[in-house]
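The following pair of complexes shares a single chain, subunit A, combined with subunit B in the former and subunit C in the latter.
Right, the complex of A and B next:
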């Protein structure tokens, strides 16, 4: 294979993101302090350009670099979701005082996005592992950017647990390589097919699950998530709530159904168990939380549980429902984080009681927060409802009725802790009547997400037809 | 190489690897632990040479023994309070640790003894593996190779950000 045989168009979104990451980084070095404000705009342009070039690849199915890099429907959809949500994060943080230089912050985010995009397209163990490291390494750095004791503790915890997960993942991958002598997913499936199922294969599968389960914060590999969501700077936490998670799910969707197709019942069963414990533990522990971002951290764990239902179903309908739910979940979670960003920028604390009377101090923020929380619960009329509807109906269709029932019960339970936030905002009177003002880009970003959550709740068909559900 | 000789070398290396890595974990002195870590990493390089993967073996010595362990030792020496500290916090949950380790070892031994791994004959090892690896890096594996360079760039930026004092931008 020579480089001229590569269809570089297939990598165009990645190349654009890489190019802009380097431009933004050089901008930090050479631009004056006042003109550095435009670096956020440049980042947005880069993300928009990558999204545009991605639309050119819509419907294309191809693999490049000897089957290492696959352009397919799942990869494209997850990349699009990732680019859109990251653009909303960048838009929201345009006027926010960062703990880092603008160039460093935005270029690290772009590097992490690049890693996640490669992860979504990886169909080779080597490529997958490197892409995963590229996704999480900037995340560790961003978490460590606030240099107080709490920030350092959280970053170190995230880094150490992340490294252990990576090592276990790598161990699983080497076992898989030892069994098959191949790193390409399709080649692994070829070698595994026909032969007897070795116990080593099950151990390799479990180790890979531990590694990737950590990245998506599934119970029992979830310890880092509430700490990081609480302790990282708010703009960073908003990105972490969506970005690296998309990569983890993309990797799972590619690796398990393709490479490990011979043991589908085994991994589907384990994912079903992980789904149940993640949902239940995430929701129950969320009740005890008084810090809003910690609450969202446990809610994120519960949502990982809902998403894993799509993997337990283990068919295309399940994966599509999972991708749709991932999109609506990340919109709502991101929106909630951006509202928190708006209130903390104004100097409001992050305990749930600090949200008292927000409806009088910032009516639109309170409405937006309420809608995002309702969408996370899955109330009819909001995007989250449609997402859960498809996800649980996928479970019912595959005779996993018990899983759907547990999911529905959990959604009902989750209403209890989301509503405490809404109660504080609407029914408790504020300690001060000072009006909260929000920077224009952040306000615009929150309103865009609000519109999307309501729109997808009422007319999901437009998006569903895109993802062939 | 004769199979029995390579088996003897393998067993000797394996014993050294197990002993030195145990010393890293149970040792109470940080400096000693770092030295044993260096020894362990050298033994791993020995495994690579035994498998006729010379380039990987040399890189192991360069990067891990020559780089990582030396930086680790510098770190210990420059933070003066750490040299003679007895690490007391380690192994608080001794029983639990032993159970988990025993279970993991038992699991791995039981699966390894039953599994027939994909077998690549050592006779097929190419004589000139370095130039072959170089060619593969620039052809079949060019994409991971390039992505690693991006990863290193991100790591470099991160090192600067973390090492820098707050407030200086």
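Right, the complex of A and C next:
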């Protein structure tokens, strides 16, 4: 195959992101300190351009590079979600003092986004592994960008645990390669079909699950998540809450249903167990937290549990509702992180009690935070409710009623800890009455997310028709 | 010719050594080394499978080459983080990293 046979248009979003990542990195090197402020805007333009070129690919189904890179509906949707949420993070951090140089910060984010986009499109073991590493390596560096003892400790833990997970994943992949002699997902499925199920296949499946379970922070591979969410700089934590996770779920949606279709009951069963354990443990441990970002970290683990329900269902309806819920969840989680960014920029601490009386000091921030938390609980009228409705109805349709029941009970339990934050904001009087002011881009970004969460909650059909649910 | 199972056994033993090292060692560099051993056991798997199962293709060997490049990149990031830990705490003993509960 020669390079001219590749349809480069199918890779246009990735090419644009790569180009802008390099431009921004060079900008950091050559631009004067005052003009570096524009690097964030250049990053935003790059993300918007990539999103625009992605809309040109909407509805296209094709594979490139001998079937290594697939442009399909799932990949496109996840890429769009990723680009939108990353653009919101970048918009929110435009005026925030970075812990790295602006160019380094934004180009590392762009490189990580590029890795995640390739992960969403990977239909080959080699492509998947490289894309995964491209996603997490910039994430390690971003986590380490605050050069104090806390930042270093969190970065080292994230790095070591991440690397161990990658290696276990890789070993599982080599076993899969040994069983089939193929690295392409479709070819693997071909070779596995019809033959007897060997124990090695189950071992390979479990090892791959450990590796990817780590990336999406499913219990029992969740140890890094609360630490990283708490210890990383806030802008980085907001990106980590959505970006790499989208990649993990994209990889799972491609790898398991395509390559391992012969043992669907096995992996669906394991995902069901992981889902129950993740949501229960995440929600219960969240009650004991006093640090707001650590609380969101455990809430993220619980939400990984909800999302895994879609995989336990293991049909297209389940995957579509999982993608919808992922979008809804990432909006709400990102919004909460950006509100925290706004308050920490003003010098407010990050304990839940530090949010006391926020409704009087920053009424709009408090309203936004409350809406995001309500959406995370899944109260009717907010986006999270519609997401959970589809996810759990998918479970009921596939006779996994027990899973839906556990999910609903967990959502009810989770109300308990989210409401402590809301109580602090609205019912406790503040220690000072000083008004919190927020930089304009950050405020705008939060308001955009707020509008999206309310809009998707009241009128979800627009988005649902896009993703064919 | 040496049977395939010999290579696979060696690779499994290497993977086990690496995993034990990761779990028991307290020194960050030693853990990094243990992970490298595990990565190389996966590479050995890939090359052996490529030779015995798909002798006419080179996809397994290509995979191993890519893994080596990625391993180098990971070590670069990892050593930088470990250096930063040392500058902050004058030690790379994991037991001393206890600001956050594990």
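In the analysis below, the second predicted complex is superposed on the first by the 469 of 469 C-alpha atoms of A that agree within 3 Å, B and C clash if a C-alpha of one lies under 4 Å from a C-alpha of the other, contacts with A are read in each partner's own complex, and residues count from 1 in each chain.
Here is the rule we use: contacts are C-beta pairs under 8 Å (C-beta built on N, C-alpha and C of every residue); 3 or more make two chains touch, one makes a residue touch a chain.
This structure is a prediction, so every number in the text was calculated from the model and none was measured.
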Touch test for A:227: subunit B only (first), subunit C only (second), both, or neither? second
Report for A:191: first if it touches subunit B alone, second if subunit C alone, otherwise both or neither. first
First (subunit B), second (subunit C), both or neither: which does A:253 touch? neither
State whether A:133 touches subunit B only (first), subunit C only (second), both chains, or neither. both
If you stack the two complexes on chain A, which partner ends up touching A:153: first (subunit B), second (subunit C), both, or neither? second
Quick check on the superposed pair: does A:178 touch subunit B, subunit C, both, or neither? Answer first, second, both or neither. both
Can A:109 be said to touch subunit B (first), subunit C (second), both, or neither? neither
Is A:144 touching anything from subunit B or subunit C once the two structures are fitted on A? First, second, both or neither. both
Once the shared chain is lined up, is A:100 touching subunit B (first), subunit C (second), both, or neither of them? first
Please write out, lowest number first, the residues of subunit A touched by both subunit B and subunit C across the two complexes. 126, 130, 133, 137, 140-141, 144, 147, 177-178, 181
Could you please specify the touching residues of subunit A with respect to subunit B in the complex? 1-3, 18, 25, 64-66, 68-69, 100-101, 104, 107-108, 111, 114-115, 118, 124, 126-127, 130-131, 133-134, 137-138, 140-141, 144-145, 147, 177-181, 191, 198-200, 203
State the interface residues of subunit C toward subunit A in the complex, per the touch definition above. 8, 15, 18, 22, 28, 31-32, 35, 38-39, 41-42, 45-46, 49, 53-54, 57, 59-60, 62-63, 66-67, 70, 73-74, 77-78, 80-82, 84-85, 87-89, 97, 99-100, 102
Report the residues of subunit B in contact with subunit A in the complex, numbered from low to high. 107-108, 110-112, 114-118, 120, 139-144, 147-148, 150-151, 153-155, 157-158, 161-162, 166, 169
Give the list of subunit A residues in touch with subunit C in this complex. 125-126, 129-130, 133, 137, 140-141, 144, 147-150, 152-157, 159-160, 163-164, 166-168, 170-171, 173-175, 177-178, 181-183, 223, 227, 230-231
